[in-house]
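Per-chain residue numbering starts at 1, and chain names A, B, C, D and E are given in the order in which the chains are listed.
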Amino acid sequence: MGRRRVGKAFGEMLRMVWARPVTVKYPFEPAKVAGRFRGKLDIDPAKCTGCGVCKNSCPAGVIEMVKIGTRKVGDREIENRRPVFDLYTCISCGQCVDDCRFGALKLTGDFELAVFDKESLVMKKALKIVE
Amino acid sequence: MSEEQDRELRKTGAGLMEYSPEGIMPFGPVHPSLKEPEYFSLLLEGEKIVDVQARIGYVHRGIERAGQDNTWIKNIYLFERVCGICSFAHSIAYSQAVEALSGFVVPKRGRYIRTIIAELERIHSHLLWLGLVGHWTGFDTLFMWIWKDRERVLDLIEAITGNRVHKSYSTLGGVRRDLPDGIAESMKKEMEFIQKRVDYYSELVRTEQTIVVRTRGVGRLSQDAARRLCPVGPLLRSTGISRDVRVEDPYAAYDEIVPEVKTSNEGDIASLLKLRLDEVADSCRMILEAMAKLPEGGYKIAFPRVVPRGDSVFHVEAPRGELFYFVRSAGSIKPSRVKIRTPTMANILAATEMLKGHTLADVPVVLTGMDPCFGCMDRLSVVEAGSGREWMMNGEQLRTFGIEYYSGKG
Amino acid sequence: MSQAADSFSGRFRRWARKRSIWVFHVNAASCNGCDIEILAALTPRYDAERFGVELVPSPRHADVLLVTGTVNAQMKDRLRDVYEQIPEPKHVVAIGACALGGGVMKGCYNVGHGIDKVIPVDLYIPGCPPRPEALLFGIIKLVTGEPPDRREE
Amino acid sequence: MNLTPLLVAEILLFPGLTFFVFMAFILEWLERKTAARVQGRRGPVVAGPFGIVQPVADFFKLSMKEEIVPEESDKFIMRWGPPLYFAAPAAGLVFVPVIALSALIQNQFDLFFMFFILSFTTLMASLLGYASAGRYSTVAVGRLVLQYSSYEIPMLLSMIVPAVLSGKLSLSGIVAAQSGHWFVLFAPVGFAVFIIAALAELEKPPFDIPSASTEIVGGWMTEFSGNTLAYVKLTKNLSYVFLSALSATLFLGGPQGPIFVSGAMAAVVLHTFYFTVKLLFVAFLIFAIRTALARVKIDQATRLFWTILTPLALVQLGVAVILGW
Amino acid sequence: MDSQAISEIAAKTGGQAFINGRIATITVKPEMLRDACAMVSSIPGLYHLSTITGIDIGEEIELQYHFWKEREFVSVRTMVGKQSPQLRTVSDVLPSAVLYEAEVHDMLGVLFQGNALMGRKLLLPDNYPKDAPPPLRKEANPEEIRRLMGLE
């Protein structure tokens, strides 16, 4: 242990002058994100069956099942439902992805989500395709 | 006081202060010292603190109540968000309390991985705190350096868990995913880097005179007071009482990867600096040891949706100290009561004790010294912005006091 | 003022505002996750100062108010006070799932669902918490994407 | 003193007000950029090449913002205080020789005027803080005055040292007496004391006690906004220039340099060059100290100034008296 | 754990001791709570009061005082009626209980006589609706509370 004095940090400061700054180039260059990064939720509408498991597993109550029509199974009318995601309040935990048996959901690495209007973050993708 | 006067008083202070009608003027709750907001009413005499009272609750959200309405699994994500800094400690404390109730045993690999993440989190939390001590004492260079190094720990956490802050990694019955491939090498590299930097920082904080005069002998807590007020974590250990949940009541894989409990007899902020840096170094060692010993096999078991009836008490050593969970199950898909006692709640009394007799300039240092996490404390409740402090005194009084104090001195 | 001079001063004003963004941060009952990410955005790795972002201690100095957390009953008035103390033109950025819509705290009894019910919000940055890069992206979008300038309205 | 049109132009443009305001912006930029560098970051980048106009953008943005004047505050002082505050270092800089060995305006006793300017700046700051009637401002003003009363004595003592060495009481006279041997060689301690006191005057760490943001928010500037804030910030930077210029003048020989040429234009260029280099050197010195240290407490600062720096400055003064004699 | 010491305390305070794995529970009457806590905390090493848990169990409010030492927990348990729950404070023998008691007071409305923090809010907002039950009581409705506080 060295002697106590004022200005112990000078040495390191001088060293830092010659070291390269660690600042990333973002936003001038794309950001490097870890492969596992949990970013924006995405749905593959083709795989979604509307079972509603994701709705039950979502801790933030992001998912709402919306009726988009009916289909006939035998002689019964069954409601066709598809999830709508309020992505602005999604916490990207990935529980719905874990629980989806059909592999329709996945978390992308997308994080550039800032918007002026939060309603534009509501993801209605699953509804459109079926229509 | 008339309503008009009341309104007048509210007009100044840039909206940063609260005003209470008894002629008491607390400072806060929105205060620029970043991090969290807490509330202490300080009764000042000039710059000297005569008495301290804590008013918490600016971050109170009501998480305990919400936990009773959520299913067992959803609660992991909820409780994790009690606090952004020790989020993993919350999720393993809760998971293990529930696992203890149902009697399932987590596979060894899962327990090792939990240990590794918990230690990574300790490193990140301690470094964050150390940087903030730099910030609060006006040493911004130190703050920047430490946060620069801390990013590398966050990179590791992100690579393993997928998020820098809220790990969402522990689940009932283990961890959600296995460690990614090739993490061992980068872990080794980063840990060696951190160890080197920690050596430098502990040298720096022990020998840089301006830091020493701000921390030595400041915020002293005696061992007696510590026994009386029951603080936890580094604050307790800094008074010479060797108590660490990881050693005394091992959970996860701490029975095989044994931490070294550091203590100090000084009980002041300077000793806390040293203690926390030593703990970071020790965590690096434990992570490397755990990576070397990492057993093969499953990392998770399937967990039922219903948890058997019973009470469970569990605690873990979060970066700030003992984090306590009480879980009661009525045998349904929801807990019937979850009680969380966060480390800051236990430390707050000790901190008010530590503040007495110091001056205003010591407040940030002492408060950061205990590493407050008001988000945690009000958990169920939560915070506000900046660190808030209040000090009791009305404007006129304060002005007069200030003038008298300074003219007396200057 | 002549047309040309007006457009010059207008352009100059926009130029200055785009390059000097002083932020004030209010934690309205958040878990600290977003707060430490805001701090991280200022530290060497992300260095928001590159874009003229500076964290100021008093709302009187600020241009942009960063709000994290689901605002609770105790913080509600504080938040509104702070908002009113900021001189025009001012912008509010809501950060994190809680500030946008309550996030995982929706079931709690002491939270509001989104700060836009308390003060007007110009930009929303979702995420729990958003990465520092996402914050940089948001701030730049805020100043270059020409958010409504309320003073001129 | 005759005010000729040329002199007026010199006072307003070069090397007067405009030049020093320009230097103030450049110094702030350099300070931020260098701080960023030693902290491992880049600092301002987007405003102009390498972010060089960042301080300008800050200044104009602030001046175009709404100004909020607290209702409790003293409106008169809030309105007229900032120009006065700004005028203090600006007036002082006119007495500093830059382009020649003698200043634009000189007087036999202008060192006393410097004393006055230094006190006046702090006085104005405390007046402004007090007038704004915020509680944080009030605490800050208390600290400001206490700090002022402790650094003033060593600062003035160390400023008298060059006067004693040269036997003159004007800045131009002191500069003229330094040809070939700068006073820093005879009075290194005086120089050090002056630099440390300058840190306190400028409220930079470790003496940023009156504006410690983690303790008392914005210090005495908490309640300012818009235009007032812009000018207050500019004045702080101008004071930075002023104190750097003053120490370059008093201890480092001002515009004196090793090479002299004949010819008026060349002499102006060289003198300005030497002066700027010295000014930047002192600014960097102040800056390096400020970056490497933590803030001390007010009682510690007071103790430092009264028990260590004042005796040191007195000893230096004694030595200077013997040397000058 | 000293199961003997535990049962002795139980016997002295007229309560029942129950040991389940690493958790020992002593159930006592509210009047004896303070004595029981004092006795438990005087067992060497057991001075650390982790927290006080309050649970609304329908007719009554259950309070558990958790003490901790090494691998063992000792919980002192008592029940108070829900109508006007009152207890004597233990903060004079266990100073660290002050905040925990205040928290239980906030959350469940239990009054601890002698605690300095009674009657003021610790965690709850100042404008917490007066007619709403404390938030952790079973009858409290989070939605309703939010509506009353104007958070909707």
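Here are some notes:
The rule we apply is simple: a contact is a pair of C-beta atoms (placed from the backbone, for glycine too) under 8 Å apart; a residue touches a chain by one contact, two chains touch by 3 or more.
Keep in mind it's a predicted model, so treat the numbers as computed, not measured.
In terms of the stated touch criterion, the partners common to chain B and chain E are C, listed by label. Common neighbours of chain C and chain D, by the contact definition above: A, B. Averaging C-alpha coordinates per chain and comparing to chain D, the farthest chain turns out to be E. A count of contacting C-beta pairs for C-E and for B-D identifies B-D as the more extensively joined pair.
Located most centrally within the structure is B, per distance between chain CA means and the overall CA mean.
If you average the CA atoms of chain D and of chain E, the two centres end up 61 Å from each other.
Once the centre of each chain is set as its mean CA position, chain A and chain B turn out to be 27 Å apart. Centres computed as Cα averages put chain A at a distance of 51 Å from chain D.
Remark: chain A and chain C have CA centroids separated by 21 Å (rounded to whole angstrom).
In chain D, 36, 38-42, 213, 217-218, 222-223, 291-293 are the positions where the chain touches two or more neighbouring chains simultaneously. For chain E, residues touching at least two other chains, in rising order: 124-125, 135, 140, 142. Residue numbers of chain C whose C-beta contacts span two or more other chains: 43-45, 47, 50, 56-58, 60, 72, 74, 85, 103-104, 106-111, 128, 131. Those chain pairs judged to touch are A-B, A-C, A-D, B-C, B-D, B-E, C-D, C-E.
On the chain A side of its complex with chain C, the touching residues are 21-24, 26-27, 31, 33, 39, 59-61, 86-93, 111-118, 121. Contact residues on chain D toward chain A in their complex (touch as defined above): 36-42, 288-289, 291-293. By the touch rule above, chain C contacts chain E in their complex via residues 71-74, 76, 107-113, 117. For chain E in complex with chain C, the residues that touch the partner chain are 124-128, 135, 140, 142-143, 145-146, 149-152.
Residues of chain B touching chain E in their complex: 54-57, 60, 62, 64-66, 69, 227-230, 243, 248-249, 311, 313, 315, 322, 324, 326, 328, 336-337, 339, 341, 345-346, 348-349, 378, 380-381.
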